[in-house]
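The two complexes that follow have subunit A in common; it is paired with subunit B in the first and with subunit C in the second.
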Partner chain A sequence: MTLKFAALAAAAIVAASAIPAAAAGPEVADFKLDNGLELVVIPDHRVPVVTHMVWYKVGSADETPGKSGLAHFLEHLMFKGTAKHPPGEFSQVVAHAGGQENAFTSYDYTGYYQRVPSASLKTVMDFEADRMTGLTLTDALVLPEREVILEEQNQRVGNNPRARLSEQIEAALFLNHPYGKPVIGWRHEMEQLSREDAVAFYKRFYGPNNAIVVIAGDVDPQQALALAKDTYGKVARRTDIPPRVRPQEPPPVAVRSLTMADPRVEMPILQRDYLTPSFRTAKPGVSEALEVLAHILGSGNNSRLYEALVVDQKIAVSTGSHYDSGAVDDSRFTVYGGPREGVSLPQLETAVDGVIAAVAEKGVTDEELQRAKTRLIADAVYTHDSQASMARWYGSSLATGSTVADIESWPDRIHKVTADEVREAARQWLQKQRSVTGNLIKDTGPRS
Partner chain B sequence: MSRHFAPLAFVTVLLVALSSAAQAMTIEPIVSPSGIKAWLVREQATPLVALNFAFHGGSSQDSAEKSGTANLAADLLDEGAGDLDGRTFHQRLEDNAIELRFQVGRDSFFGSLRTLNEHRDEAFDLLGLALTKPRFDADAIERVRQQVLAGLRREQTNPDSLASKSWWQTAFPQHPYGRESSGTLQTVPTVTADDLRDHVRRVFARNELTISVVGDIDAASAGRLIDRAFGALPPKNDLKPVPATAPQGLGRRIVTQIDVPQAVVTFGGNGIERSDPDFMAAYIVNHILGGGTFSSRLYREVREKRGLAYGVHYSLVWFKNAAVVVGGTATRADRTVDAVAIIEKEIKRMAEDGPTADELAEAKAFLKGTYALSLDSSSKIAAQLSQIQIDNLGIDYIQRRDKLIDAVSIADARRVAKRLYGGGILVTIAGKPKGLASSDSVGGTAH
Partner chain C sequence: MTLKFAALAAAAIVAASAIPAAAAGPEVADFKLDNGLELVVIPDHRVPVVTHMVWYKVGSADETPGKSGLAHFLEHLMFKGTAKHPPGEFSQVVAHAGGQENAFTSYDYTGYYQRVPSASLKTVMDFEADRMTGLTLTDALVLPEREVILEEQNQRVGNNPRARLSEQIEAALFLNHPYGKPVIGWRHEMEQLSREDAVAFYKRFYGPNNAIVVIAGDVDPQQALALAKDTYGKVARRTDIPPRVRPQEPPPVAVRSLTMADPRVEMPILQRDYLTPSFRTAKPGVSEALEVLAHILGSGNNSRLYEALVVDQKIAVSTGSHYDSGAVDDSRFTVYGGPREGVSLPQLETAVDGVIAAVAEKGVTDEELQRAKTRLIADAVYTHDSQASMARWYGSSLATGSTVADIESWPDRIHKVTADEVREAARQWLQKQRSVTGNLIKDTGPRS
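Up next is the complex of A and B:
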């Protein structure tokens, strides 16, 4: 989940995939152009502003082994100009209009967006369509940018022990699937990425038939369609875009744990990730039950983990859980906790195990179930208030295999989750042999 | 004050046209039945209400020995109030999907509330309870205190926190602006329930209170709800005066050694007060030097041309009693010295030559056009209106803003660039930068 610039928090992307639609949401239009490009329009006429995003169905999980970080590197290089428009011209035009822009890369998608006054929509669509296949790269532009992504890696991961722990957990959780590689890449491979690598990746994956354009804001669907035909519609289909077939995970059989020691750790952390189905890979109803389970277990001060560990037992200062439903292949359910001073990580882990076992054995109360559903479904209404959030939610869902109908039925599906299904989700998916537990501790050895 | 609700009695309703837009947003000044003033934007497209408010006060009301008091109070307001213990209070919020947040700035105690329309009565009642009858139960205080302390311990080895704290402490020694709102490992353990009650008693009042309401709600209902939340507060606050001050240590460089791969740099100097007639010129000039996303001089020189950092920014920050311009970057240890030199050079160049006419025109176009983006959701509008009220810019500010920007000439921009950047900067670094050490005077920008 790395961004060209830190303007848009990574967490927002994670959260967006977990936010529902309300039944009373806007009329969303969904089109397909002749060249295969999908266009989704989410009208919101309150302010004369649009959020225009293009989502490519390619991410770090589509990289060739040995080239980790390439999807994200290309994301940066997409700002380096085309045959038609020299480097910086697109950004200058966006800035002149008062717009904002950025881009982001994840495991399954790469996205680019501009937020501009609606009068500038056609212009940004023109530029975005042009760089869909028109990118030109020279070493003079590429090599300094490789330094930038290495500094980005330092900033996000190298300087941050917690992020390094997460990298280690994911690498251990995914035995076979490329989700085990960090999106930003492994440093030794990032250092070797070349202009040729980026160009080959671009030619392989970037084209109208591998893209979804989402426009939210002050535009009518038919008008947006006409603009799309006039811009993206003129880009030739890319042949031979490979299907998204990645090596899949074998059934997990071993309880795994790892410990990372760092002299800079003042507050230890326990984090456990379970291998679970995503919305796309789950049987009907299972992903929804996992969403509700994640909320009841670890969202906010009423959650099971918070009440047990922080309020009642007083052994933790923080705790929580979340489930990532938006993934092309099997995904993760994460539980974490930070101990109070004087409490050991094994002690905390035993307590976490107890909370999870209680849900798996005795289930959840009707009151908890109702509270979780109310909150999850209300989130949809809050999301409707922001065109940018709506665009992110639709884009991230569609890029990971959902349909517009799936998104629109989200509140209904959440509403139908039963207490039995939540208990069954905990029993079946939160089994320890499906998980990796990571311990982040202080390294008290001699310091250099 | 009138006891009757009369929002339109002495009110001009303003139609505010956004830049390059046919659409308009109406800001109504309203007065509640008990006489509390607020700004309202009716927004019927989404069935929710967003409220932002601020009391004058904030962490600058903390004494040095008890720094972190205001922050602890903010974290504890939803941990029990009136007859409701913390658990019950949170359940009420969650059962109705009400979002209630409190936050402390150096000069203000902020709150925000977001609720579905159907639960708005409950939402404002819970807010009122939190503001007027916070319990500060012993177990809740200990729980939240441990959470704050955990955060402070983590910051001890976080290079971002180290560079930033070093900058603020050096710039404002012996002044509340130099202290972190969250307090320190030494002060937070000493804060008592009485300290928290004292803070609430002195700060939460009906004067110097700004309120913005946005949503599917009419003026009469908004006034009624405002009274339910704020009506029982005392009429006047009882604040300790905060002395006016200016950043110290300009020309100095301070390195905090910590073993991390990337050095984090904080830099900055004298800023400009929000009420200063030159503020808009300074805002534009600083945008050219260090604002925006991919357009600033610093971005081009540090990132684009040399790949020295992932990000670099420079921002105006203004308080009630001081103003600074402060920025940051993070860069590899062996080239930190280059990055700092380039930043100092660019600041100096801007001070001496100012921006070009083209840069000025581009920045003006951006700043005018981008304002609508900060008004595209109910919560963002409420936050924006709150800031306008805190800064005392007037209810017609949005209408006047384009003209204020257009009025800045190239001569203004050059003059203000000299004024803003001519005084030198304080640079603080956390990491293991090669060839850089602490020093009391550095060449470059110090004049």
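Up next is the complex of A and C:
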């Protein structure tokens, strides 16, 4: 159930929230209960359904060193029942109501959601409030679930060369910050995770004063607030939730690269990640310029990378770039490409370098800039305006240090990005000594 | 005052300890006081002088994430006085007795030593026992010392491109283990270290049950024991010293490299570090084979690397290798070379690869093996038999998980290494995906 939102999906949703504002529709409401819980309500009455999400401001970057995978393990264990409700009951109730549910863990947050008929909202809030501090765990429940997350690691990373490459790149990119650890965990540490570890982590981080509840859909804000007071409002505040102070990165000074060989590789891949500010850590305007830059460089068939590598030079079969603005601490900007047969990864890398250098030196055209901004905002408005996506965008943004006002100003902030700012973003942040370049190649022998 | 012993120096001393044994001289005595303090006495009556060292089993790898440099900072602060003795008094007493003193911090230990006339031994023991738990720190003492360690970082690393390269290599080599953090610390974290941090670290790790006292020189074991009981014996045991369980490395799977450009570089350098077992983590015989391998590969003008790169191919002006066996957790094997003018680092790297591949595939000759073993043991016996070196070897070995018996069996263990074991060590541990290759080049422009 691990899930990391790409910048585009995330960026998309915020603009969707601008529709009602522009159309003078229902406003997003933001409340705080006495016990510290934040409640965000996004009314949407098109269908009699609600999406209900609880976001805990804790993720893999908050794990104690040596306990990697614990945030995600606890996410699984949250389905194991409480004193009031045996394991599986919550899921059954959601299913019987014709609803859907899931959960996800990332570097900075852990989330749980249900999409149910509006009439079932109170029920799911009751269940979520109950497991917020009422989880009961026994070894008989915990230990088999550890096998499940190990198998998940195997499926998601172990058997996926591309995911293994990304894992290695991140480990090399972050010299000091826990973003260098995989969300799913390192296997040798996952194998040692215990019930005690999970309980301690739960007691440390799960509570109303470390949670954001986002409800999107067929509910009125005041009605949602009343329900929240009646359910979450009764959960006692957790004392001593530690501040989110993680070890920060030293200034990046070395150009790094790595090569991973795997016998299952069918197509080699070049992927480069740069250490960049996130929205939260950037100076005003910088994160927005990086979003526009990522779009111009690598989104779609008009992008710089696609035109240069696939169309003009005919050396790549795929290419792209993305930027992850939603992070508590400094984040990543990624470019990648898959070479045509007969093209080496160093050849492809040289060409990628050329595309980036051109933007850093000569900047982008007004036409590119307008197209990118229009497209970013339009994509957001027209293709991602689902309840669930809205709820996700609010939750992930709030859980990584943004405010509702930040979210609502996103289209404006994108709109204000200038060509100079895009060039400057490329010049300043896409410097090679800020990056790790990963090469994924086919393993062709016993010794590499 | 940071100091890390190279494998050779370390290896050397243990053999020196074999002299008295072989000559039926005084035995090394190993005691444990009731409060948990370990006392090792190495009698040596050639001159009326003693070397007295206290080794705390705590180093930079035991620091809380985000507090890098704290172990070393505390080392400095240990000279700031106690309730009984004002700052500077201890050093004055040592100086007035005609003695020397110093201190050092590494990944796994922090040490303090005095070399004084035998008659002053009791005095220095009194002082060390006093500051073992009696340190008093005020902001007025602590904050100026933070400037001192920042300046030390500047001198040792900031202004030393080769040290910066090593720092980057280690950060890239260790994906999960705190050995990836520099002992001196990351500057941005050092700048934030506080009196509270130092006091908490001190109270957590400094105490008789986390210390080893090594006394080498003109003292009898029973006399030293009586003095220790009378001084250290009165210090109360520290409760709750945490076990030394650090996050371990995942299996290394990617061949990594990095390039650091610095305008002050006069000669480029290629340095490669491999993740290898330490004596403590290796299966029996493996660490010894790695010691012999490091000697054959890169020690002196008959070594494989020197003969190939400097003499035959004439592409390098310097080269060498070393292996760090003394570590609580998995450690490093290093090879390096400086190219002749006109030779590129990739050219040099290819040649280094060739030398290593030849050993891994064809092994070493009996003559090389015998020469290496004889030389390792002889170097030890004849050139490193000083009191201080003996004390250091015992202290650093005991502080990283060896026993006195391990130290005494070192020459025998080296003697037993076979040519097959050396080849196998190269084949298994000098695989490229276990390594990071660092390139240090001259910075020739504003953008790299």
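By definition in this document, the second predicted complex is superposed on the first by the 418 of 448 C-alpha atoms of A that agree within 3 Å, B and C clash if a C-alpha of one lies under 4 Å from a C-alpha of the other, contacts with A are read in each partner's own complex, and residues count from 1 in each chain.
FYI, a contact is a pair of C-beta atoms (placed from the backbone, for glycine too) under 8 Å apart; a residue touches a chain by one contact, two chains touch by 3 or more.
Remember, it's a predicted structure, so these values are computed and weren't measured experimentally.
Once the two complexes are overlaid on the shared chain, A:263 sits against subunit B while remaining clear of subunit C. Of the two partner chains, subunit C is the only one touched by A:175; subunit B is not. In the superposed model, B is the one of subunit B and subunit C that contacts more residues of subunit A. Using the contact criterion defined above for the overlaid structures, shared-chain residue A:310 touches subunit B, although it does not reach subunit C.
Look at A:119: by the touch rule set out above, it reaches subunit B but stays clear of subunit C. Legend: residue contacts after superposition of the two complexes on their common chain; A:155 is shown touching subunit B, with no touch to subunit C. In the superposed model, A:188 makes contact with subunit C only, not with subunit B. Common to the subunit B and subunit C contact sets on subunit A are residues 447-448. The touching residues of subunit A, when paired with subunit B in their complex, are 5-7, 24, 44-49, 79, 88, 91-92, 95-102, 115-117, 119, 143-152, 154-155, 158-159, 217-218, 263-267, 300-302, 307, 310-311, 314, 317-318, 338, 340-341, 370-371, 374-375, 377-379, 381-382, 384-388, 447-448.
Here subunit B touches subunit A in the complex through residues 18-23, 25, 43, 45-48, 50, 86-87, 90-91, 94-97, 99, 114, 116, 143, 146-147, 149-150, 153-154, 156-160, 258-262, 264, 292-295, 303-311, 330-332, 362, 365-373, 375-380, going by the rule given at the top.
Of all residues in subunit C, those touching subunit A in their complex are 65-66, 68, 164-165, 168, 171-172, 175-176, 178, 180-181, 186-189, 245-248, 250, 253-261, 431-433, 438, 447-448.
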